[in-house]
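In what follows, structures are represented as C-alpha cells.
Presented sequentially are two complexes of subunit A, the first with subunit B as partner and the second with subunit C.
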Partner chain A sequence: MRDNSPAASLLGGFIASFRRDLLIAARHKAELTNPLVFFLIAVTLIPLGVSPEKTVLALLAPGIVWVMALLATLLSLDGLFRSDYDDGSLEQMLISPQSLYFTVMAKVLVHWLVSGLPVTLLAPVLGLMLSLPIEGYLPLLASLALGTASMSLIGAVGAALTVSLRKGGLLLSLIVMPLYIPVLIFGASAVQTAVQGGAIGMQLAVLGAFLALAIVLAPIAALGALRISTNG
Partner chain B sequence: MTESVTEAAIPLLELRNLGCERDERLLFSGLDVQLFPGDVVQIGGPNGAGKTTLLRALAGISTDFHGQIRYAGQALPEAAWEFAGDSLYLGHLPGIKKALTPAENLEWYKAQSGAAISIGDALAAVGLYGYEDTPCYQLSAGQLRRVALARLHLSCARIWILDEPFTAIDKLGVSQLEALIAQQSAKGGVVILTSHQDLSLPQLRMVNLQDYQSARDKTKIGLGSLSDGDAYHA
Partner chain C sequence: MAWQWFHRLGSPRWFYEKTTPWLPWLATLSIALIVTAAVWGLAFAPADFKQGNSYRIIYIHVPAAFLALAGYYIMAISGAVGLIWKMKLPFMVMKSAAPIGALLTFVSLVTGSIWGKPTWGTWWEWDARITSMLILFFLYLGMIALQQAFQHRDTADKASAVLALVGMVNIPIIYKSVDWWNTLHQPATIKFTSKSSIDPSMLYPLLTMVIGFYVFYALVLLLNTRVEILRRENRTQWVNDLISTTNKRA
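This part shows the complex of A and B:
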C-alpha cells in the first residue's frame, strides 16, 4: 500500500494534471489561437457592418465586446474533454485515486488561461477600435476576467455532458447559453454603467458571486456528467 | 501464521452474482468469481460476449451492472477510494496523449501511483529506451501500446485489470508481458485479463462468459444450429 498523505496526493494530482494540460495546450498552438482570431475578426467587422460613426460605436462597444467574448469562449468549449475522451485518458482520470474535483478544476483553469485570459487581455485593444470611452477600460477588464472564468466553469458542465456525442456542438451551445445569459447581462451592464459614470460595485459583486458559486458547484456537476458520459 | 490464514480467507476481489446488460440485452448473469492473491484469470468468450463491459464494471468506469463487486471484503461503492489506489486498468484505448512524449505521459500516471521506479527505467523495461522524448504521435501502434504497458512497471497496485493487453505488441513483447504478469502473481497480486491468445501461464484460470449467458442469448450469439433458427421463426 502507498503511504503518501492524502493532502500531498491531492495537491500533487492537481499540479500533475495542470502541468500536463498546459503542456498539451502549448503543443496545439493553432487551436489556441482560434477563439482569439474569431474575437478579433468579429469585433473588427462591426464598424464595417454597422457604422464607423464614433458615437454609435461607443454606444455599442460594451455589449459587442462582451457578446463576442462569450461566443469566443463558447467556440473553445467543445475541445475541453474531447481529446481525453477519444484517447482513453478520461477513463483513467475517472478511476484515478485522486480527487476528481481538483482534476476537473485543473482542466478548467488551463482552459481559462488559454482562452478566457487572452480574450480578456485583448478586449481593451478592441475597445479602442470601437472607441470605447476611457472610463470603460478598467471595468471591461475586471468584468471580463470574472465573467470568462465563470463561463469556462459553466461551459465545462456542458462539455462534459456532450463529450460522448459525436456531434454535440449545437447541443452544447443550447445547454450552456441560458446559463451564460446572466453573466452577459451583468458583465455588459458593468461596462455600460461605468461609461455613463455610475458605480459598478453591484455588477462586479454579482459577477464575483457567480464565479464563487461556479467554482464550488461546476466541477462537481462536470464530473458527475463525465461519469454519465463514460458509463455507456 | 493465523494472520495469513484469515487473510487468505478473504478474497482480494470477489464478484457475486454479477450480471451486465447492454442496450437492453443481457450479456451475462450470475457470474461468481473469487480472486485470491496470486490469481491470474483470463476472461474468455466470443466477440460481443461482454468481456470489455465486465472489465469496465470491475475498473469502476461503468456502474451498469447487477450484483456485487467486493474488494478485500468490502462492497465496492464504499471502498471505491481504496480500490482506486490499489487497482490499475488498461483499456482498449491506451490513455496516452499523442501530443506529449512518453516520459511526459507517464509523469501524470506516476504522480498518482507514487512508485519508486523512475520513468526512464519503466520505459527501458518495455523496450522504449531512447524514445523518452519522442512525441507519441511519431510512435507506432505497438510502441504506443508499450508506453501504456510501462504503467504496469510504475504501479504499486495489487489488482491489474487488462483489456486485450497483447494487441499490437510483438512476440518478444508478449513473452515479456507474460513474465511480468507471472511476477505480479508471485508478488501476491491479482491479474484479470481478456485475450484471444493462448497464454502459457501455469497459474492461469479461465472464466468463459458464454457459460453465464441465459439460454435465449446463447442461441443469438452462437448464431445457433438450424433447429435454433427454426425456433426463432416459429
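This part shows the complex of A and C:
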C-alpha cells in the first residue's frame, strides 16, 4: 500500500535518491579512491618539496592537511551532477513532483560520504606522517568533518552551474575556491590553536554555523543553477 | 505610474535612447571632478608628516578600492533583478560591470602594493584588506570566466547571476573571516588600521576624487552597457536604423 501523505513522499524521495546515488557510488570504486590517492600523493609532495625536518613539518602540518583536503574535495565535485546530466536523469528529477531540495541534499550527502568523510578519516594518518603534535588529531577530525560537509554543499552550487559545460572542471575550481576560504581559515586555525594549547570551541562553532548556513542556502542556489543549466 | 520607469527598463532600446544625452554631462562632470581632485590632492594638500609625499597615491587607491567593492554589489543586484523580473537589460549591465570591477580591484591592488613599498618596506603584505581585495579579484575573475564559458547567452547570463548572488552572500563572511584570521597573525610592525584619522585638508580632495570616480564608473558602465545592447540587439530594426543614420552623417 502506498502512503501518499506529503511528509512521507518527501522523506521517501530523499531516501530513494540517497540509496540510488550511494549504489552508483559503490559501483564506481575507482572514483571513490581517487580523491584519497590524490590527497595522499599531494601531501607526500610537501616534505619532498619543502623539507623533511620534523619541526618544520609539524609547524606546517595543520595548514597542509587542510589545504590538501580542500583540493581533494574540490576534485571530486565535478562528478556530482555530471553523469545524471549526461544520461538525462537530471531532467527527470527536475520535472518530478519530488522536492528538488531534498534530491540535491541527498546527492550532496552521498558526495560527502564518499569524498569528505574518507578524506577526514585519512587525515590523521597524513598528520602522523607530517609529525603533527598529538593535541591536533581530534581537532583535525572534528574540523575536517564539519568543514568538508560545508565544502560539499558550497561546491554543489559550482557543480550545478558548470554541469552543462563539457570542460567545466577547471572552471568549477576557479569559481568555488574563493568561496572555500572562510572554511579553510577557521578549519586550519582550529587545528593550529589546538596544537598551541588553546581552546577551539569558537572555531568549531563557526564551522558549525557555516555548515548550518550552507545546509539552508546552498541546495536552493544549486537547484536554481541546475534549472538554468538544463534549460540552456 | 511611479513604477513606469522600471517597466521601461525592460526595453534596451528605451534605455539606449534615454542615456544618449547623459553621456556628455557625465563625461564632463567626471573629468572636472577627477582633474580638480588630482590637482588639489597632488599639489595643494599638505604632505603627510610620516609618509611624506608617498601617501598621495591614496587619491587613486582608495576610490578604486571603494568602487571595486561597490561594483560587485551593483553587478550582483543587476543579476538579481534580471533573474527575478526576467529582464534583458540588467543582465547586460551585470556583464558590463564584471570587467570594470575586476580592473578596479586590480588597480587598487597594484597601487596598494606600490604604496606599501615606501611605507611598509615591502611590496606585499598579508594584511586583511589586501587579502580581501585579492579574494574579491578572484571572485571577479570567476564571474568573467563563467560568463565566457557558455555558448548560450541566456544560460551564461542566468548562471553568472546566480554566481554573483552566491558571491554577494559570501563577501561579508569572507571579509569577516579574513579580518579575524589577520588579527590572529597580525605582525606587530604594521599599524595600518590605526591611521584612520585623516586631516580635512587631505580628506576633501579625497572625497572629491571618490565622487569623481563614482561618476566615471557610471559613465564607463553606461558605455559598456550600450555597446552590449548594440551587440545583442544587432538584428533589430532600430539598431540598423541607428547604424545607417550614423553612416550617413559620417
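Here, the second predicted complex is superposed on the first by the 229 of 232 C-alpha atoms of A that agree within 3 Å, B and C clash if a C-alpha of one lies under 4 Å from a C-alpha of the other, contacts with A are read in each partner's own complex, and residues count from 1 in each chain.
Assume contacts are C-beta pairs under 8 Å (C-beta built on N, C-alpha and C of every residue); 3 or more make two chains touch, one makes a residue touch a chain.
None of these values were measured; they are calculated from a predicted model.
Undergrad: Given the touch rule stated above, what does A:V37 touch, subunit B (first), subunit C (second), both, or neither?
TA: In the superposed model, A:V37 contacts neither subunit B nor subunit C.
Undergrad: A:G88 in the overlay: touching subunit B, subunit C, both, or neither? Say first, second, both or neither.
TA: first
Undergrad: Answer with first, second, both or neither: which of subunit B and subunit C does A:L138 touch in the superposed model?
TA: neither
Undergrad: Quick check on the superposed pair: does A:N231 touch subunit B, subunit C, both, or neither? Answer first, second, both or neither.
TA: both
Undergrad: One more residue to check, A:A16. First (subunit B), second (subunit C), both or neither?
TA: In the superposition, A:A16 touches subunit B alone.
Undergrad: Touch check for A:R27: first (subunit B), second (subunit C), both, or neither?
TA: Once the two structures are laid over each other on A, A:R27 reaches subunit B alone.
Undergrad: Once the shared chain is lined up, is A:S164 touching subunit B (first), subunit C (second), both, or neither of them?
TA: The answer is second: A:S164 touches subunit C but not subunit B.
Undergrad: After lining up the shared chain so the two structures overlap, which partner does A:I185 touch, if you call subunit B first and subunit C second: first, second, both or neither?
TA: The second partner, subunit C, only.
Undergrad: Name the residues of subunit A shared by its contacts with subunit B and its contacts with subunit C.
TA: Shared contact residues on subunit A (touching subunit B in one complex, subunit C in the other): 231-232.
Undergrad: Considering the complex alone, what residue numbers of subunit A touch subunit B?
TA: So the residues of subunit A touching subunit B come out as 1-2, 4, 9, 12-13, 15-17, 19-20, 23-24, 27-28, 83, 86-89, 91-92, 94-98, 227, 230-232.
Undergrad: Quick check: in the complex, which residue numbers of subunit C touch subunit A?
TA: Answer in residue numbers: 135, 138-139, 141-143, 145-146, 149-150, 152, 154-155, 158-159, 162-163, 165-167, 169-170, 173-174, 176-178, 180-181, 184.
Undergrad: In the complex of these two chains, what residues of subunit B are touching subunit A?
TA: Interface residues on subunit B, with respect to subunit A: 56, 59-64, 81, 84-87, 89, 91-100, 104, 107-109, 111-114, 135, 156.
Undergrad: For the complex, which residues does subunit A have touching subunit C?
TA: 157, 161-162, 164-165, 168, 171, 174-175, 177-179, 181-182, 185-186, 189, 210, 217, 221, 224-225, 228-229, 231-232
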